[in-house]
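The data blocks that follow each hold one structure.
What follows is subunit A paired twice: with subunit B in the first complex and subunit C in the second.
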Partner chain A sequence: MELKQESLAGTLESSDLFIRISPSDEPLEVVINSEVGHQFGDQIRAAVVETLEMLKVTKGIVIVEDKGALDCTIRARVHAAAMRAAGVTEVDWEALS
Partner chain B sequence: MTLRRSMLFVPGSSAAMLSTAFIFKPDSVMFDLEDAVSLREKDAARLLVYRTLKMPLYDGIERVVRINPLSSPFGHDDLQAAVRGGADVIRLPKTNTADEVHELEAAVAEVERDCGREVGSTRLMAAIESASGVVNATSIATASPRIVGIALAGFDYVMDMQTTRGDGTELFYARCAVLHAARAAEIDAFDVVFPDLNDEEGFMKEVELIKRLGFNGKSLINPRQIELLHNAYAPTQEDVDYARRVVAAAEQAEADGLGVISLNGKMVDAPVVENAKRVLNRAAASGLRK
Partner chain C sequence: MARRYFHKAKVVTEDLQFYTVNPISNRVERKDIEQLLARCGLSYEEQIEAFVVCRDGNELVACAGLQKDIIKDVAIDPDYRGGAMSLKLVSEITYLAHSRGLDLLFVYTEPKNAEFFRGCGFYDLVEVPDRVTLLENTPIGIRSYCAKLARQRVAGEKIGCVVANANPFTLGHRYLIEQAAKACDWLHLFMVREDVSLFSYKDRYYLAQENIRGIPNVTLHEGSHYMISRATFPCYFFKDRGIVGKCRTAVDLLLFRNHIAPALGVTHRFVGTEPFCPTTNKYNTDMKVWLQEDVSKAPPIKVVEIERTQRNGLAISASEVRRLLRKGEMERIRDMVPPATFDLLESKYAALARPVTDT
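Right, the complex of A and B next:
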């Protein structure tokens, strides 16, 4: 999936996260700001990276403002932001399953 | 006994509510992809609901997903998320005819086959939201063996009837029609949302009415209403004591080879015995009224 434009997903509400994803010619750069980063930073980063790998996103800048989101929320928000950035409207359900 | 007293609406776009609504212990939770989600958040909400369904957060709670109408640009994508996510029930909004149920049934079966889910394992629920839907309630309720319930949705219905929500008079015919359709089809019936979150007295008055009419439960938008609703539906100790005496009398009559059941000198009809058994089953499932 090729990122074509800057896109956003999520909110800054508790239990959610806000993600900004932008195209870049450089390898993927992921910045995570989280209230629980000292405890769950590695898991949050893993969820973000795994979701982008599943979507075959290899280049771009990703900035995450986490407000204590569950793993399912992180993956859903990253997925939505990447699809918006790539201009893709159809979910590849087979890949997701 | 499957209790469907409370169906809590949870907006599919709200990560906070999707992550926490299970703590309120409704009988059913309804992840809403339709009216509660703005057009620009439909894509994200669909993914959020899919991912939430995949997590074991709602064990023991029936998970219903309200999709957009299949005639909208979103309905079929919603169905992919809901069926592949493992939703127990798909709720179809604005159901006017049995054909819409048939269309949904076919679409669900196709997704089940595509994702390897057992065909027939996804159940359906139809929401009646118009005069046409009320008139066709019986054919809708009997349209598919997958249907477990029909729900009356008040806001759209009263608009279609060119009236507004009031003391319940405006809903009387629709409630009775939907309820009769459900009973004829041997499925569950759900009453409308009570809109005034601060009017506890009004809510309880409405709960007493719909319980007396025979509804299985209500759609809810406020978690605070769950405990009130469950308690109102729970049998009292007095109900249970009487039901036990009725069942004991029926068992004694059978043991004695008597065709007529008698309790305290009065004849007890078979429907009374059936109702007593239902009360005991409900008490076992829900506990007693506090």
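Right, the complex of A and C next:
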């Protein structure tokens, strides 16, 4: 999935996360700031990176402000932000299975 | 709590209503905003283009304004503080900015209130102790910018820097850059990126590129948000009151000293003497304080002022060139600018010569 524009998804509210994706020519850079990072940092990063891998996003800058979101929320937000950044509106469900 | 998957102008969460207000056309909303700001000890900033506000029933309980990429006038009624209001408000203003094509956002705040924004995804850029903190809404903005700059580092004992608007590029700029380059091992030249001057950034950059030919030890850099931009030096671009106006030049200069200069190894900053423009003159004076004195942990940068070149006893200045251009006195301009500038002025700007606001 090729990123074409800046995109946002989510909110800064509790149990959610705010994600910002920007196109870039550099390899994927994922920056995560989480209120529960010391405890769940690796798990949050894994959820973000796996979702991006499934969507074949290999370049770009991803900034996540996490407010204690569950994994399913993280995946949904990352997915939404990546689609918006790529200008894609149809979900490719097979890529997610 | 209501969840939101797509951004809309109007969202209902519990009883609170968030929506966007145009303060110029909506006087009723504006009056309520002014009252809320007054209750919170803030003054209304005329330059704000859009607000996100929150109402609980009829009462306006929170607001945040946007002036281009700067968030201003953020206020929450004391009864609504401490909960999720701040997070919701900042989320909303971020989406509003995004819908206006702005993603990198800045906020000025008193250092004691900076924590509020740190909890909302903002990161410190620079603090002027006891006065103001500038934050940006990314943890990697200035860091990745400086990492890119560091790749253009040139080894040397004396590394100079010139930041120019060059609106337009005159023989005075050429002289300043030549003298600065002669005085150092390498010179880094930055063009002010903000497109609010008579001459577009593209044209100013092009002219710099053409007019520095033959100087062997200079790198021309694109400007950025982090140098003499609306965000770092608002008073240069608009008359600002309140906290942004008060910080004046310190934020821009400390950002240069703490981040940009170390990335490139800059030891000297060169500047032309400024007899005409009071804002630029003040900037030059302040430069000596914020770059040289003991006001930062970063190493001091020596400020070198270079006397302006003169033509017929008159110092050459870009503002004088603009004045002559408006009067259509092209022949007098010829003596003040290099050929590349003259050609562009004649072919593109002479026809546009008409009264314009000066910057």
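Just so we're on the same page, the second predicted complex is superposed on the first by the 97 of 97 C-alpha atoms of A that agree within 3 Å, B and C clash if a C-alpha of one lies under 4 Å from a C-alpha of the other, contacts with A are read in each partner's own complex, and residues count from 1 in each chain.
Simple rule for what comes next: a residue touches a chain if its C-beta (ideal position, glycine included) is under 8 Å from a C-beta of that chain, and two chains touch if they have at least 3 such contacts.
These figures come from a predicted structure and were not determined experimentally.
Residue contacts after overlaying the shared chain place A:R45 against neither subunit B nor subunit C.
When both complexes are overlaid on chain A, the residue A:V91 reaches subunit B alone and has no touch with subunit C. In the superposition on chain A, A:A80 makes contact with both subunit B and subunit C.
In the superposition on chain A, contact is made by A:I61 with subunit C only, not with subunit B. By the touch criterion defined above, A:E29 reaches subunit C but does not reach subunit B. Of the two partner chains placed around the shared chain by superposition, subunit B is the only one that A:A69 touches, whereas subunit C remains out of contact. In the superposition on chain A, A:S14 makes contact with both subunit B and subunit C. Counting contacts by the rule stated earlier, residues 11, 13-14, 80 of subunit A appear in both its interface with subunit B and its interface with subunit C. Partner subunit A is touched in their complex by these residues of subunit C: 1, 4-5, 7, 84, 87-88, 90-91, 94-95, 98, 103, 120-121, 138-140, 144. Those residues of subunit B whose C-beta lies close enough to touch subunit A in the complex are 14-16, 18-20, 43-44, 46-48, 50-52, 54-55, 77, 80-81, 84, 114-115. Put simply, subunit A touches subunit B in their complex at residues 9-11, 13-17, 69-73, 75-77, 79-80, 83-84, 89-91, 93, 96-97.
Within the complex formed with subunit C, the residues of subunit A that make contact are 6, 8, 11-14, 18, 20, 22, 29, 31, 33, 61, 63, 65, 67, 80.
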